[in-house]
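Letters A, B, C and D mark the chains in the order given here, with residues in each chain numbered from 1 onward.
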(Lines give C-alpha, C1' and ligand atoms only; values in the text may rest on other atoms or scores of the structure.)
Protein backbone atom coordinates (compact mmCIF):
# COMPACT_ATOMS: atom_id res chain seq x y z
CA UNK A 1 0.00 0.00 0.00
CA UNK A 2 3.00 2.24 0.27
CA UNK A 3 6.77 2.62 -0.11
CA UNK A 4 8.54 2.30 3.22
CA UNK A 5 12.10 3.07 4.22
CA UNK A 6 13.80 3.38 7.59
CA UNK A 7 16.14 6.25 8.46
CA UNK A 8 18.18 6.74 11.59
CA UNK A 9 18.30 10.16 13.24
CA UNK A 10 21.94 11.16 12.99
CA UNK A 11 24.01 13.71 14.87
CA UNK A 12 23.94 15.81 11.68
CA UNK A 13 20.11 15.97 11.87
CA UNK A 14 19.59 17.37 15.35
CA UNK A 15 19.68 20.89 16.71
CA UNK A 16 20.64 22.54 19.97
CA UNK A 17 17.42 21.22 21.50
CA UNK A 18 18.55 17.64 20.70
CA UNK A 19 15.67 17.11 18.26
CA UNK A 20 15.57 16.88 14.47
CA UNK A 21 15.97 20.30 12.84
CA UNK A 22 13.03 20.33 10.42
CA UNK A 23 14.99 21.08 7.20
CA UNK A 24 16.80 17.78 7.82
CA UNK A 25 13.47 15.91 7.62
CA UNK A 26 13.21 17.15 4.04
CA UNK A 27 16.67 15.73 3.28
CA UNK A 28 15.39 12.39 4.59
CA UNK A 29 12.18 12.67 2.54
CA UNK A 30 14.17 13.53 -0.56
CA UNK A 31 16.42 10.49 -0.10
CA UNK A 32 13.36 8.27 0.13
CA UNK A 33 11.86 9.84 -3.00
CA UNK A 34 15.19 9.02 -4.70
CA UNK A 35 14.81 5.42 -3.51
CA UNK A 36 11.22 5.35 -4.83
CA UNK A 37 12.30 6.51 -8.27
CA UNK A 38 15.24 4.09 -8.27
CA UNK A 39 12.81 1.26 -7.35
CA UNK A 40 10.76 2.36 -10.39
CA UNK A 41 13.81 2.17 -12.68
CA UNK A 42 14.39 5.93 -12.76
CA UNK A 43 17.90 6.61 -11.50
CA UNK A 44 18.38 10.22 -10.32
CA UNK A 45 21.96 10.45 -11.67
CA UNK A 46 20.86 9.18 -15.10
CA UNK A 47 17.78 11.44 -15.01
CA UNK A 48 19.55 14.68 -14.04
CA UNK A 49 23.01 14.31 -15.48
CA UNK A 50 22.42 12.39 -18.70
CA UNK A 51 18.76 12.89 -19.67
CA UNK A 52 18.68 16.55 -18.57
CA UNK A 53 15.39 16.08 -16.72
CA UNK A 54 14.52 16.91 -13.13
CA UNK A 55 11.75 16.35 -10.61
CA UNK A 56 11.80 19.47 -8.43
CA UNK A 57 9.49 19.67 -5.45
CA UNK A 58 6.83 22.34 -6.07
CA UNK A 59 4.80 22.02 -2.88
CA UNK A 60 5.26 20.71 0.64
CA UNK A 61 2.56 20.64 3.31
CA UNK A 62 3.73 18.89 6.44
CA UNK A 63 2.64 18.74 10.07
CA UNK A 64 5.46 17.93 12.46
CA UNK A 65 3.36 16.23 15.09
CA UNK A 66 6.05 15.20 17.59
CA UNK A 67 9.80 15.70 17.92
CA UNK A 68 12.34 13.05 16.90
CA UNK A 69 15.51 12.51 18.88
CA UNK A 70 19.10 11.55 18.13
CA UNK A 71 19.49 7.84 17.44
CA UNK A 72 15.83 7.08 16.80
CA UNK A 73 14.81 4.93 13.86
CA UNK A 74 12.13 6.60 11.75
CA UNK A 75 9.85 4.63 9.42
CA UNK A 76 8.98 6.80 6.44
CA UNK A 77 5.97 5.77 4.42
CA UNK A 78 5.17 7.24 1.00
CA UNK A 79 1.75 6.70 -0.59
CA UNK A 80 0.21 7.85 -3.85
CA UNK A 81 -2.17 10.77 -3.48
CA UNK A 82 -2.33 11.91 -7.11
CA UNK A 83 -0.43 11.13 -10.29
CA UNK A 84 -1.14 13.76 -12.92
CA UNK A 85 0.33 14.32 -16.39
CA UNK A 86 3.58 15.78 -15.05
CA UNK A 87 2.95 16.13 -11.30
CA UNK A 88 3.08 13.54 -8.53
CA UNK A 89 1.69 14.13 -5.05
CA UNK A 90 2.96 11.75 -2.41
CA UNK A 91 1.49 11.33 1.02
CA UNK A 92 4.31 11.20 3.58
CA UNK A 93 4.24 9.91 7.11
CA UNK A 94 7.07 9.17 9.53
CA UNK A 95 6.68 7.12 12.69
CA UNK A 96 9.05 5.93 15.40
CA UNK A 97 8.04 2.63 16.99
CA UNK A 98 4.52 3.38 15.79
CA UNK A 99 4.31 6.93 17.16
CA UNK A 100 3.72 9.56 14.50
CA UNK A 101 6.35 12.25 13.98
CA UNK A 102 5.20 13.96 10.80
CA UNK A 103 2.56 13.66 8.14
CA UNK A 104 1.54 15.53 5.03
CA UNK A 105 2.38 15.65 1.35
CA UNK A 106 5.04 16.62 -1.15
CA UNK A 107 4.37 17.35 -4.82
CA UNK A 108 6.98 16.91 -7.53
CA UNK A 109 6.84 17.90 -11.18
CA UNK A 110 8.84 16.39 -13.99
CA UNK A 111 10.60 19.09 -15.97
CA UNK A 112 13.13 19.54 -18.71
CA UNK A 113 16.13 21.15 -17.00
CA UNK A 114 17.18 23.27 -19.98
CA UNK A 115 13.76 24.81 -20.71
CA UNK A 116 12.23 24.48 -17.24
CA UNK A 117 8.99 23.31 -18.90
CA UNK A 118 6.95 20.52 -17.34
CA UNK A 119 6.81 17.20 -19.17
CA UNK A 120 4.54 14.18 -19.01
CA UNK A 121 5.79 11.19 -17.03
CA UNK A 122 6.92 8.45 -19.42
CA UNK A 123 4.03 5.97 -19.41
CA UNK A 124 6.10 3.03 -18.19
CA UNK A 125 7.39 5.13 -15.27
CA UNK A 126 3.83 6.20 -14.43
CA UNK A 127 2.80 2.54 -14.37
CA UNK A 128 5.72 1.58 -12.17
CA UNK A 129 5.06 4.47 -9.76
CA UNK A 130 1.42 3.32 -9.45
CA UNK A 131 2.43 -0.29 -8.94
CA UNK A 132 5.23 0.43 -6.48
CA UNK A 133 3.12 2.78 -4.38
CA UNK A 134 0.19 0.36 -4.38
CA UNK A 135 2.00 -2.92 -3.99
CA UNK A 136 1.88 -4.20 -0.42
CA UNK A 137 4.82 -6.51 -1.13
CA UNK A 138 7.44 -3.82 -1.65
CA UNK B 1 4.16 45.61 6.77
CA UNK B 2 6.59 42.77 7.13
CA UNK B 3 10.05 41.61 8.16
CA UNK B 4 12.41 41.52 5.20
CA UNK B 5 15.87 40.02 4.84
CA UNK B 6 18.02 39.31 1.81
CA UNK B 7 19.85 36.01 1.32
CA UNK B 8 22.28 35.06 -1.42
CA UNK B 9 21.98 31.65 -3.08
CA UNK B 10 25.25 29.95 -2.20
CA UNK B 11 27.06 27.00 -3.74
CA UNK B 12 25.99 25.01 -0.66
CA UNK B 13 22.31 25.62 -1.52
CA UNK B 14 22.13 24.29 -5.07
CA UNK B 15 21.76 20.81 -6.46
CA UNK B 16 22.91 18.92 -9.52
CA UNK B 17 20.35 20.86 -11.57
CA UNK B 18 22.03 24.15 -10.51
CA UNK B 19 18.93 25.29 -8.61
CA UNK B 20 18.21 25.60 -4.90
CA UNK B 21 17.61 22.19 -3.28
CA UNK B 22 14.35 22.82 -1.42
CA UNK B 23 15.51 21.73 2.08
CA UNK B 24 18.04 24.59 1.84
CA UNK B 25 15.18 27.11 1.50
CA UNK B 26 14.05 26.01 4.95
CA UNK B 27 17.53 26.72 6.35
CA UNK B 28 17.19 30.23 4.88
CA UNK B 29 13.68 30.64 6.32
CA UNK B 30 14.89 29.44 9.71
CA UNK B 31 17.76 31.96 9.71
CA UNK B 32 15.29 34.76 8.98
CA UNK B 33 12.98 33.56 11.76
CA UNK B 34 16.05 33.74 14.04
CA UNK B 35 16.62 37.32 12.87
CA UNK B 36 12.95 38.13 13.54
CA UNK B 37 13.16 36.83 17.10
CA UNK B 38 16.47 38.63 17.65
CA UNK B 39 14.87 41.86 16.39
CA UNK B 40 12.13 41.27 18.99
CA UNK B 41 14.69 40.87 21.78
CA UNK B 42 14.48 37.07 21.89
CA UNK B 43 17.94 35.67 21.27
CA UNK B 44 17.90 32.01 20.12
CA UNK B 45 21.05 31.09 22.07
CA UNK B 46 19.65 32.62 25.26
CA UNK B 47 16.24 31.03 24.60
CA UNK B 48 17.46 27.48 23.90
CA UNK B 49 20.61 27.15 25.93
CA UNK B 50 19.87 29.22 29.04
CA UNK B 51 16.08 29.50 29.33
CA UNK B 52 15.44 25.91 28.18
CA UNK B 53 12.71 27.01 25.78
CA UNK B 54 12.33 26.30 22.08
CA UNK B 55 10.21 27.36 19.10
CA UNK B 56 10.00 24.24 16.93
CA UNK B 57 8.26 24.46 13.58
CA UNK B 58 5.07 22.40 13.67
CA UNK B 59 3.72 23.07 10.18
CA UNK B 60 5.05 24.20 6.83
CA UNK B 61 2.94 24.76 3.73
CA UNK B 62 4.98 26.18 0.88
CA UNK B 63 4.61 26.48 -2.89
CA UNK B 64 7.93 26.66 -4.71
CA UNK B 65 6.69 28.70 -7.65
CA UNK B 66 9.92 29.13 -9.62
CA UNK B 67 13.50 27.87 -9.30
CA UNK B 68 16.31 29.97 -7.79
CA UNK B 69 19.82 29.81 -9.17
CA UNK B 70 23.34 30.04 -7.78
CA UNK B 71 24.35 33.62 -6.97
CA UNK B 72 20.86 35.11 -6.97
CA UNK B 73 19.79 37.49 -4.21
CA UNK B 74 16.50 36.43 -2.64
CA UNK B 75 14.29 38.85 -0.72
CA UNK B 76 12.49 36.96 2.04
CA UNK B 77 9.44 38.62 3.50
CA UNK B 78 7.77 37.39 6.69
CA UNK B 79 4.30 38.65 7.66
CA UNK B 80 2.01 37.89 10.57
CA UNK B 81 -0.81 35.50 9.74
CA UNK B 82 -1.82 34.49 13.25
CA UNK B 83 -0.42 34.93 16.72
CA UNK B 84 -2.09 32.55 19.16
CA UNK B 85 -1.41 31.77 22.80
CA UNK B 86 1.67 29.64 22.07
CA UNK B 87 1.66 29.38 18.24
CA UNK B 88 2.80 31.82 15.59
CA UNK B 89 1.94 31.46 11.91
CA UNK B 90 4.12 33.50 9.59
CA UNK B 91 3.41 34.13 5.94
CA UNK B 92 6.60 33.64 3.93
CA UNK B 93 7.41 34.85 0.47
CA UNK B 94 10.70 34.98 -1.41
CA UNK B 95 11.31 37.01 -4.55
CA UNK B 96 14.32 37.64 -6.77
CA UNK B 97 14.28 41.05 -8.45
CA UNK B 98 10.53 41.05 -7.88
CA UNK B 99 9.86 37.60 -9.36
CA UNK B 100 8.30 35.18 -6.87
CA UNK B 101 10.19 32.03 -5.96
CA UNK B 102 8.16 30.64 -3.08
CA UNK B 103 5.22 31.50 -0.89
CA UNK B 104 3.30 29.94 1.93
CA UNK B 105 3.44 29.72 5.69
CA UNK B 106 5.36 28.28 8.63
CA UNK B 107 3.93 27.75 12.10
CA UNK B 108 6.05 27.71 15.24
CA UNK B 109 5.06 26.83 18.78
CA UNK B 110 6.78 27.97 21.94
CA UNK B 111 7.61 25.00 24.15
CA UNK B 112 9.47 24.11 27.27
CA UNK B 113 12.33 21.89 26.10
CA UNK B 114 12.38 19.67 29.18
CA UNK B 115 8.65 18.87 29.26
CA UNK B 116 7.85 19.43 25.59
CA UNK B 117 4.68 21.26 26.66
CA UNK B 118 3.54 24.38 24.82
CA UNK B 119 3.77 27.69 26.65
CA UNK B 120 2.21 31.10 26.15
CA UNK B 121 4.38 33.74 24.48
CA UNK B 122 5.59 36.24 27.08
CA UNK B 123 3.31 39.25 26.59
CA UNK B 124 6.12 41.68 25.81
CA UNK B 125 7.46 39.32 23.13
CA UNK B 126 3.95 38.98 21.66
CA UNK B 127 3.71 42.77 21.48
CA UNK B 128 7.11 43.07 19.85
CA UNK B 129 6.31 40.34 17.32
CA UNK B 130 3.10 42.18 16.37
CA UNK B 131 4.89 45.51 16.13
CA UNK B 132 7.87 44.19 14.19
CA UNK B 133 5.74 42.28 11.71
CA UNK B 134 3.40 45.23 11.24
CA UNK B 135 5.85 48.10 11.28
CA UNK B 136 6.64 49.33 7.75
CA UNK B 137 9.82 51.02 9.00
CA UNK B 138 11.72 47.86 9.91
CA UNK C 1 41.73 -4.35 10.20
CA UNK C 2 39.22 -1.56 10.00
CA UNK C 3 35.62 -0.44 10.40
CA UNK C 4 33.83 -0.32 7.06
CA UNK C 5 30.49 1.18 6.09
CA UNK C 6 28.90 1.89 2.73
CA UNK C 7 27.19 5.18 1.92
CA UNK C 8 25.28 6.15 -1.20
CA UNK C 9 25.87 9.55 -2.76
CA UNK C 10 22.49 11.26 -2.49
CA UNK C 11 20.99 14.21 -4.32
CA UNK C 12 21.47 16.18 -1.09
CA UNK C 13 25.25 15.57 -1.27
CA UNK C 14 26.07 16.92 -4.73
CA UNK C 15 26.68 20.41 -6.01
CA UNK C 16 26.08 22.32 -9.23
CA UNK C 17 28.96 20.38 -10.80
CA UNK C 18 27.15 17.09 -10.07
CA UNK C 19 29.85 15.94 -7.64
CA UNK C 20 29.91 15.61 -3.86
CA UNK C 21 30.20 19.01 -2.16
CA UNK C 22 33.07 18.38 0.25
CA UNK C 23 31.30 19.46 3.50
CA UNK C 24 28.85 16.61 2.80
CA UNK C 25 31.73 14.09 2.96
CA UNK C 26 32.22 15.16 6.57
CA UNK C 27 28.55 14.47 7.31
CA UNK C 28 29.16 10.97 5.92
CA UNK C 29 32.34 10.55 7.96
CA UNK C 30 30.56 11.73 11.09
CA UNK C 31 27.74 9.22 10.57
CA UNK C 32 30.29 6.42 10.29
CA UNK C 33 32.07 7.61 13.43
CA UNK C 34 28.64 7.42 15.13
CA UNK C 35 28.30 3.85 13.86
CA UNK C 36 31.79 3.05 15.17
CA UNK C 37 30.96 4.32 18.65
CA UNK C 38 27.59 2.53 18.59
CA UNK C 39 29.41 -0.69 17.62
CA UNK C 40 31.63 -0.11 20.67
CA UNK C 41 28.62 0.27 22.96
CA UNK C 42 28.80 4.09 23.13
CA UNK C 43 25.50 5.49 21.89
CA UNK C 44 25.74 9.14 20.78
CA UNK C 45 22.28 10.06 22.14
CA UNK C 46 23.11 8.51 25.52
CA UNK C 47 26.56 10.12 25.49
CA UNK C 48 25.49 13.67 24.60
CA UNK C 49 22.02 13.98 26.04
CA UNK C 50 22.22 11.90 29.21
CA UNK C 51 25.91 11.63 30.17
CA UNK C 52 26.72 15.21 29.15
CA UNK C 53 29.84 14.13 27.30
CA UNK C 54 30.87 14.85 23.73
CA UNK C 55 33.47 13.80 21.17
CA UNK C 56 34.07 16.91 19.08
CA UNK C 57 36.38 16.70 16.10
CA UNK C 58 39.50 18.75 16.76
CA UNK C 59 41.44 18.10 13.58
CA UNK C 60 40.74 16.98 10.03
CA UNK C 61 43.37 16.43 7.36
CA UNK C 62 41.88 15.02 4.18
CA UNK C 63 42.92 14.74 0.55
CA UNK C 64 39.99 14.56 -1.85
CA UNK C 65 41.73 12.51 -4.52
CA UNK C 66 38.90 12.10 -7.05
CA UNK C 67 35.32 13.36 -7.35
CA UNK C 68 32.30 11.25 -6.38
CA UNK C 69 29.09 11.41 -8.36
CA UNK C 70 25.38 11.18 -7.62
CA UNK C 71 24.22 7.60 -7.02
CA UNK C 72 27.66 6.11 -6.40
CA UNK C 73 28.23 3.73 -3.51
CA UNK C 74 31.18 4.77 -1.37
CA UNK C 75 33.02 2.35 0.91
CA UNK C 76 34.30 4.22 3.94
CA UNK C 77 37.03 2.58 5.93
CA UNK C 78 38.12 3.78 9.38
CA UNK C 79 41.34 2.53 10.95
CA UNK C 80 43.08 3.30 14.22
CA UNK C 81 46.00 5.68 13.91
CA UNK C 82 46.37 6.68 17.56
CA UNK C 83 44.36 6.23 20.71
CA UNK C 84 45.55 8.63 23.41
CA UNK C 85 44.23 9.39 26.88
CA UNK C 86 41.35 11.51 25.60
CA UNK C 87 42.05 11.79 21.85
CA UNK C 88 41.40 9.35 19.03
CA UNK C 89 42.89 9.72 15.56
CA UNK C 90 41.17 7.69 12.89
CA UNK C 91 42.53 7.06 9.42
CA UNK C 92 39.74 7.55 6.88
CA UNK C 93 39.57 6.36 3.32
CA UNK C 94 36.66 6.24 0.88
CA UNK C 95 36.62 4.21 -2.31
CA UNK C 96 34.07 3.58 -5.04
CA UNK C 97 34.41 0.17 -6.69
CA UNK C 98 38.01 0.19 -5.47
CA UNK C 99 38.93 3.64 -6.78
CA UNK C 100 40.02 6.04 -4.06
CA UNK C 101 37.99 9.20 -3.49
CA UNK C 102 39.45 10.57 -0.28
CA UNK C 103 41.98 9.70 2.38
CA UNK C 104 43.32 11.25 5.52
CA UNK C 105 42.53 11.47 9.19
CA UNK C 106 40.12 12.90 11.73
CA UNK C 107 40.91 13.41 15.40
CA UNK C 108 38.26 13.44 18.11
CA UNK C 109 38.59 14.32 21.77
CA UNK C 110 36.33 13.18 24.57
CA UNK C 111 35.12 16.14 26.60
CA UNK C 112 32.74 17.02 29.34
CA UNK C 113 30.14 19.24 27.67
CA UNK C 114 29.54 21.47 30.71
CA UNK C 115 33.19 22.26 31.45
CA UNK C 116 34.63 21.73 27.98
CA UNK C 117 37.56 19.88 29.61
CA UNK C 118 39.00 16.77 27.98
CA UNK C 119 38.45 13.47 29.75
CA UNK C 120 40.09 10.06 29.53
CA UNK C 121 38.26 7.42 27.49
CA UNK C 122 36.61 4.92 29.82
CA UNK C 123 38.95 1.91 29.73
CA UNK C 124 36.31 -0.53 28.47
CA UNK C 125 35.48 1.85 25.59
CA UNK C 126 39.19 2.20 24.77
CA UNK C 127 39.46 -1.59 24.63
CA UNK C 128 36.41 -1.91 22.43
CA UNK C 129 37.65 0.84 20.08
CA UNK C 130 40.97 -0.99 19.73
CA UNK C 131 39.27 -4.33 19.16
CA UNK C 132 36.70 -3.02 16.71
CA UNK C 133 39.24 -1.09 14.67
CA UNK C 134 41.63 -4.02 14.63
CA UNK C 135 39.23 -6.89 14.19
CA UNK C 136 39.14 -8.10 10.57
CA UNK C 137 35.81 -9.83 11.19
CA UNK C 138 33.73 -6.70 11.73
CA UNK D 1 46.91 41.21 4.43
CA UNK D 2 43.92 38.97 4.05
CA UNK D 3 40.31 38.59 2.97
CA UNK D 4 37.96 38.89 5.94
CA UNK D 5 34.26 38.12 6.28
CA UNK D 6 32.00 37.80 9.29
CA UNK D 7 29.54 34.92 9.72
CA UNK D 8 26.96 34.42 12.44
CA UNK D 9 26.56 31.00 14.02
CA UNK D 10 23.02 30.01 13.11
CA UNK D 11 20.66 27.46 14.61
CA UNK D 12 21.30 25.37 11.46
CA UNK D 13 25.02 25.21 12.33
CA UNK D 14 24.91 23.79 15.84
CA UNK D 15 24.57 20.27 17.16
CA UNK D 16 23.06 18.58 20.18
CA UNK D 17 25.93 19.93 22.26
CA UNK D 18 24.97 23.52 21.28
CA UNK D 19 28.25 24.05 19.41
CA UNK D 20 29.03 24.28 15.70
CA UNK D 21 28.93 20.86 14.01
CA UNK D 22 32.25 20.85 12.15
CA UNK D 23 30.91 20.11 8.64
CA UNK D 24 29.00 23.41 8.94
CA UNK D 25 32.31 25.28 9.33
CA UNK D 26 33.20 24.05 5.86
CA UNK D 27 29.94 25.47 4.49
CA UNK D 28 30.98 28.81 6.03
CA UNK D 29 34.50 28.53 4.59
CA UNK D 30 33.10 27.67 1.18
CA UNK D 31 30.80 30.72 1.23
CA UNK D 32 33.77 32.95 2.01
CA UNK D 33 35.80 31.37 -0.80
CA UNK D 34 32.83 32.21 -3.07
CA UNK D 35 33.01 35.80 -1.82
CA UNK D 36 36.76 35.86 -2.47
CA UNK D 37 36.32 34.72 -6.06
CA UNK D 38 33.43 37.17 -6.57
CA UNK D 39 35.64 39.98 -5.23
CA UNK D 40 38.21 38.90 -7.86
CA UNK D 41 35.63 39.10 -10.65
CA UNK D 42 35.07 35.32 -10.86
CA UNK D 43 31.40 34.63 -10.24
CA UNK D 44 30.71 31.02 -9.18
CA UNK D 45 27.44 30.80 -11.15
CA UNK D 46 29.12 32.09 -14.31
CA UNK D 47 32.13 29.83 -13.68
CA UNK D 48 30.23 26.58 -13.07
CA UNK D 49 27.07 26.95 -15.12
CA UNK D 50 28.24 28.90 -18.16
CA UNK D 51 32.01 28.39 -18.45
CA UNK D 52 31.90 24.74 -17.38
CA UNK D 53 34.79 25.19 -14.96
CA UNK D 54 35.01 24.34 -11.27
CA UNK D 55 37.28 24.88 -8.29
CA UNK D 56 36.85 21.74 -6.17
CA UNK D 57 38.58 21.55 -2.83
CA UNK D 58 41.29 18.89 -2.96
CA UNK D 59 42.75 19.20 0.53
CA UNK D 60 41.66 20.49 3.91
CA UNK D 61 43.82 20.55 7.02
CA UNK D 62 42.11 22.29 9.91
CA UNK D 63 42.52 22.42 13.68
CA UNK D 64 39.33 23.24 15.53
CA UNK D 65 40.93 24.92 18.50
CA UNK D 66 37.84 25.96 20.48
CA UNK D 67 34.09 25.45 20.14
CA UNK D 68 31.77 28.11 18.69
CA UNK D 69 28.30 28.64 20.07
CA UNK D 70 24.89 29.59 18.69
CA UNK D 71 24.63 33.32 17.95
CA UNK D 72 28.35 34.07 17.98
CA UNK D 73 29.88 36.24 15.28
CA UNK D 74 32.89 34.59 13.67
CA UNK D 75 35.55 36.55 11.80
CA UNK D 76 36.95 34.39 9.01
CA UNK D 77 40.26 35.42 7.57
CA UNK D 78 41.68 33.96 4.34
CA UNK D 79 45.31 34.50 3.40
CA UNK D 80 47.42 33.35 0.47
CA UNK D 81 49.70 30.43 1.24
CA UNK D 82 50.49 29.31 -2.30
CA UNK D 83 49.21 30.10 -5.77
CA UNK D 84 50.38 27.48 -8.25
CA UNK D 85 49.57 26.94 -11.92
CA UNK D 86 46.13 25.46 -11.20
CA UNK D 87 46.07 25.11 -7.40
CA UNK D 88 45.43 27.68 -4.68
CA UNK D 89 46.17 27.08 -1.02
CA UNK D 90 44.46 29.45 1.36
CA UNK D 91 45.27 29.87 5.01
CA UNK D 92 42.05 30.00 7.02
CA UNK D 93 41.47 31.27 10.51
CA UNK D 94 38.28 32.02 12.40
CA UNK D 95 38.08 34.05 15.58
CA UNK D 96 35.27 35.23 17.81
CA UNK D 97 35.99 38.53 19.56
CA UNK D 98 39.68 37.77 19.01
CA UNK D 99 39.63 34.22 20.39
CA UNK D 100 40.67 31.60 17.88
CA UNK D 101 38.19 28.91 16.89
CA UNK D 102 39.89 27.21 13.95
CA UNK D 103 42.95 27.52 11.80
CA UNK D 104 44.51 25.66 8.93
CA UNK D 105 44.34 25.55 5.17
CA UNK D 106 42.19 24.59 2.21
CA UNK D 107 43.49 23.87 -1.27
CA UNK D 108 41.42 24.31 -4.42
CA UNK D 109 42.23 23.33 -7.98
CA UNK D 110 40.77 24.86 -11.11
CA UNK D 111 39.37 22.16 -13.37
CA UNK D 112 37.38 21.73 -16.53
CA UNK D 113 34.12 20.11 -15.37
CA UNK D 114 33.63 18.00 -18.50
CA UNK D 115 37.12 16.47 -18.62
CA UNK D 116 38.01 16.78 -14.93
CA UNK D 117 41.49 17.96 -15.98
CA UNK D 118 43.22 20.74 -14.06
CA UNK D 119 43.68 24.07 -15.85
CA UNK D 120 45.89 27.08 -15.27
CA UNK D 121 44.29 30.06 -13.52
CA UNK D 122 43.63 32.82 -16.07
CA UNK D 123 46.48 35.30 -15.53
CA UNK D 124 44.20 38.25 -14.69
CA UNK D 125 42.41 36.14 -12.07
CA UNK D 126 45.77 35.05 -10.60
CA UNK D 127 46.77 38.71 -10.35
CA UNK D 128 43.50 39.68 -8.70
CA UNK D 129 43.74 36.77 -6.22
CA UNK D 130 47.24 37.91 -5.25
CA UNK D 131 46.16 41.53 -4.93
CA UNK D 132 42.97 40.79 -3.00
CA UNK D 133 44.68 38.44 -0.57
CA UNK D 134 47.57 40.85 -0.04
CA UNK D 135 45.75 44.13 0.03
CA UNK D 136 45.23 45.41 3.58
CA UNK D 137 42.45 47.71 2.39
CA UNK D 138 39.95 45.01 1.40
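By our rule, a residue touches a chain if its C-beta (ideal position, glycine included) is under 8 Å from a C-beta of that chain, and two chains touch if they have at least 3 such contacts.
Labels paired with UniProt names: A, B, C, D = Acyl-CoA thioesterase.
Every value quoted in this text rests on a predicted model; they were computed, and no experiment measured them.
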Most widely separated chain from chain D (Acyl-CoA thioesterase), with each centre as the mean of CA atoms: A
Which of B-C and C-D has more C-beta contact pairs: C-D
Distance from the mean Cα position of chain D (Acyl-CoA thioesterase) to that of chain C (Acyl-CoA thioesterase), given in whole angstrom: 23
For chain A (Acyl-CoA thioesterase) paired with chain C (Acyl-CoA thioesterase), centre-to-centre distance based on mean C-alpha positions, whole Å: 27
Chain B (Acyl-CoA thioesterase) and chain C (Acyl-CoA thioesterase), separation of their C-alpha mean positions in angstrom: 33
Numbers and ranges of chain A (Acyl-CoA thioesterase) residues touching at least 2 other chains: 11-12, 16, 18, 21, 23, 27, 30, 48-49, 70
Touch-based graph of the chains, sorted into line, ring, star, complete or other: complete
Residues of chain A (Acyl-CoA thioesterase) touching chain B (Acyl-CoA thioesterase) in the complex: 16-17, 19, 21-24, 26-27, 30, 48-49, 54, 56-65, 67, 113, 116
Sites on chain A (Acyl-CoA thioesterase) touched by chain C (Acyl-CoA thioesterase) in the complex: 10-12, 18, 27, 30-31, 34, 43-46, 48-49, 69-72
In the complex, chain D (Acyl-CoA thioesterase) residues that touch chain A (Acyl-CoA thioesterase): 11-12, 14-16, 18, 21, 23, 70
